[in-house]
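One chain, chain A, links the two complexes that follow: it is found with chain B in the first and with chain C in the second.
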Partner chain A sequence: MKIGKQTIKLESKPCIFSTSSIVGPKEMQGPLAQYFDMHIKDVFFDEKSFEKAESKMLETCINNLIVKSGISQKDIDVIFSGDLLNQCISSCFAIRDFDVPFLGLYGACSTFCEGLLLSSLLIEGNTANEVVASASSHFCSAERQFRLPLEHGNQKSTTAQATVTASGAALVTNRKIADNGIHITHVTPGKIIDLGVKDISNMGAAMAPAAFSTISNHLTDTGRDINYYDCIFTGDLGMHGSDMLKELFKNEGVDITHRHNDCGVLIYDEKSQDVNCGGSGCGCIASVFSSYIFNELKAKKLNKILLVATGALMSPLSSSQGESIPGIAHAIAIENEV
Partner chain B sequence: METFLTYGSVFLTGGIICTIGQILIDKTKLSPARILTLFVTLGVILTFLGIYEPIVEFGKCGATVPICGFGYSLFNGTVKAITENGFIGVFTGGVTATAGGIAAAIVFGFLASLFAKPTIK
Partner chain C sequence: MKIGKQTIKLESKPCIFSTSSIVGPKEMQGPLAQYFDMHIKDVFFDEKSFEKAESKMLETCINNLIVKSGISQKDIDVIFSGDLLNQCISSCFAIRDFDVPFLGLYGACSTFCEGLLLSSLLIEGNTANEVVASASSHFCSAERQFRLPLEHGNQKSTTAQATVTASGAALVTNRKIADNGIHITHVTPGKIIDLGVKDISNMGAAMAPAAFSTISNHLTDTGRDINYYDCIFTGDLGMHGSDMLKELFKNEGVDITHRHNDCGVLIYDEKSQDVNCGGSGCGCIASVFSSYIFNELKAKKLNKILLVATGALMSPLSSSQGESIPGIAHAIAIENEV
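Entry: the complex of A and B
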């Protein structure tokens, strides 16, 4: 049911049954290492190219999810998946061997939430029983896609974020689960906000206003205030973008400092890992949600969270033609059954 | 002693040119490709103005190996070809003078790709 301007309240409260995550070697050196299901030791993952490695990572991640959930492939009604490469090839090739309907998505770094949002709507509409939402990114393939091939050995600017090498997947179901009631209660699809930022090495600044718009509209629509949630997780504004988001809320007289965390900041250790402003990429929020956040929800250390995935919707072509960066953010309220 | 002085001047010249490049990368929004083009063009202009020749005499390969040295060779090659062959030298001179560098870059790039694989730091 639609409430307010852009939020949908889910009466059936679709349940996130289980999640699966897989990360690269650098993410495994970060502070969240203990939460990930699996990691790859080499960025090539025994494949010939970074693109093939990314596909294999996503395929492995979804297979792990199926095993973890104790279901079989034929139980899955649809897989939503997306990534950062042209024509979404990581997802297409990863899901090629699955005997499951596939819907490819592109929402840049917001893809995972877009997938979760659509999954929960399919379930709300009674048109599916088990849906998988997944996303992936790979540092080395993203560098080739958005900047220059790694062979070029380029230097990065200090506001640039590092693309996370990771895949994450979640199974959304309409089954009623007795001891694991992690539900999606509201979803707020975001509007494109473009304030004219053109610097592709400062995408946090382009996405922060979109995150601000979606979060404030979500709170207005649901009649909640910021303190209703244990935490608002954005992904991936990075350090610079997070500061901007705090500033935007501060101008409205709201202090979100103690209620906000960013997946791009959480995944790496700022001091010991050379990542400039933090992590980014579809795989960032996908893997952080599928490991650390889901774990905390299950352990009831967190009970009410707002997951806000932000995306920078530019392409290398639009940037070289002088276009600014359109930002987007989708919010999903995830709550433990009380 | 003479040798060490030469090393010193070469190091100083090359170092200053690279420092300017690093400052441009860190402090401006110029992309690496633009900085590269800027350096080549500056090399041509400075040579034309007679400023780069004394720098090369002082810094030797400290001034010719960085990419603005490529601009220096382009300009000198063009001038030489025009004196020898006339107008057609405008088109042939620059590339002839830099052919060694261009071919070496392709050959060594190819060889490196046979033995090395890119990875993350």
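Entry: the complex of A and C
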């Protein structure tokens, strides 16, 4: 049921039953290593190209999810997935071997939350029983598609983020789970916000206003205060974009400092890993949610979170044609049953 | 409610309230000219690039839909859209100026039906009241992205299809409309089917098995016969792919010849327009449904149709890495209230 201007309240409280994550070697050297289900030892994952490696990573991630969930492929009604590659080939080839209906998404780095949002709406409408939301990204496939081939060895600007090599997947179900009541209670699909930022090495700045818009509207629509949530996790504003988000809220007289974290900041160690402003890519929030955050929810260390995936909706071509970078953010309220 | 293995029956019968179409000059010379709402006189549409022209076309199409529907932007809960361009920039930039939540899709030429399908599921679940499903493609932007720059003047193979320059949009609503009862009654989201076709100049062959799979499963799930429907409209198998689909059904002892048509075949005149196997692209089924087919439904010349959008889920990169072309097809049963 729609409440307010932009938010949907889910009466049936769809349950996130389980999650699966897989990351690359660099992510495995980061502070969240202990939470990931699996990692690949080298970026090729025994494949002949970065793109094939990314597909295999996503396919493995969904297969692991199925095993962890104790279900079989035939129990899944739909798989939602998307990625950063042109024509979303990472997802299309990953899901090719599943005997399950597929609905492809493109929302740049907001894709995972777009998938979770649509999964929960299908459950809410009693139009599906078990739905998978998934997303992936790969540093090497993204670099050569969006920027320059790795062999070029170009230097990054200080505001740039590093695309995370990772996949994440979650199973959303209408089953009533006694000991695992992690529910999606509200979703707020985002509008495109474009304040004219054109610097493709500063996507945090392009996306922060979209995150601000969606979070603000979510709070207004639900009548909630920022302190209602244990934490608002954005992904992936990086360090610079996170600072901007705090500033935007500060202008409204709201201090989110102790209620906000960013998946792009969490996944790497700023001091020891050379990642400038942090991580980015569809796989970042997908893998951080599907490991660390879901783990904290299960352990009841977190009980109420707002998961806000942000996307920068440009392409190399749109930027070369002088366009600015439109941003988007989708918010998902995830709460433990109390 | 799910019925059978792959189909969802929509108890609330979401209504397609109105549609909007806009096409390019070549499409306006074709046999469906009288049905389109609007056409652009040249492929640049007063913009500086083909990509910007495509975005403007889609934006205009959605604006026209809003006017035709007698609603305002604030009445729309979500816009679904997708296109063929890398990172779906046609949709992202088209929808940037709308103050409406946006959910981006990628399903290649199946995108329009993916949008209609998800729109109807949101209505069914009472999670939205008014939803727009839209898609676009542009011959010139697609040619230079997927194949060669137009300036190259390359010759097409006889099995190739021509990307349609067009946008289409439909408004799906939960309102009960007295004199316009065009309802979505069932949807069948498709699985990825890949029989190993690698010829990117023969995408009809790559997609026909997916269309066959989805249509067959739809009929099994609903317990319907092929003759239940006045017509099954695929889009876009083209002439060669349509022949393959007929052959696949013939092998099962089913003759679909008089119950099948293809939007890629309908949109051009095979004899006078140089399009080889017919039209393709997200905008083809989007514009043909949003003009000719919707018109025939309103006029009660058609009362029961199955709309089946097919997509070829490859990219130039996946093909250059030796991959085959995965196909997908999503089916939507659209029926007049009797």
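Basically, the second predicted complex is superposed on the first by the 338 of 338 C-alpha atoms of A that agree within 3 Å, B and C clash if a C-alpha of one lies under 4 Å from a C-alpha of the other, contacts with A are read in each partner's own complex, and residues count from 1 in each chain.
Basically, a residue touches a chain if its C-beta (ideal position, glycine included) is under 8 Å from a C-beta of that chain, and two chains touch if they have at least 3 such contacts.
These numbers come from a predicted model, not from an experiment.
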item: Contacts of A:78 with chain B and chain C, given as first, second, both or neither; value: second
item: First, second, both or neither for A:106, with chain B first and chain C second; value: second
item: Comparing the two partners chain B and chain C, which touches a greater set of residues in chain A; value: C
item: Which superposed partner A:166 touches (first chain B, second chain C, both, neither); value: neither
item: Which superposed partner A:232 touches (first chain B, second chain C, both, neither); value: neither
item: Partner chain(s) touched by A:139 [first = chain B, second = chain C, both, neither]; value: first
item: Touched partner set for A:151, first chain B, second chain C, both or neither; value: first
item: Residue numbers on chain C that touch chain A, as the complex places them; value: 1-2, 5-6, 8, 10, 48-49, 51-52, 74, 77-78, 82, 84-89, 92-93, 95-96, 98-108, 114, 117-118, 121-122, 124-129, 188-192, 194, 313-318, 321, 323, 326, 328
item: Complex contact set, residues of chain B against chain A; value: 25-26, 29, 32, 113, 117-121
item: Of all residues in chain A, those that touch chain B in their complex; value: 24-26, 43-44, 139-140, 148-151, 154-155, 157-158, 165, 199, 201, 274
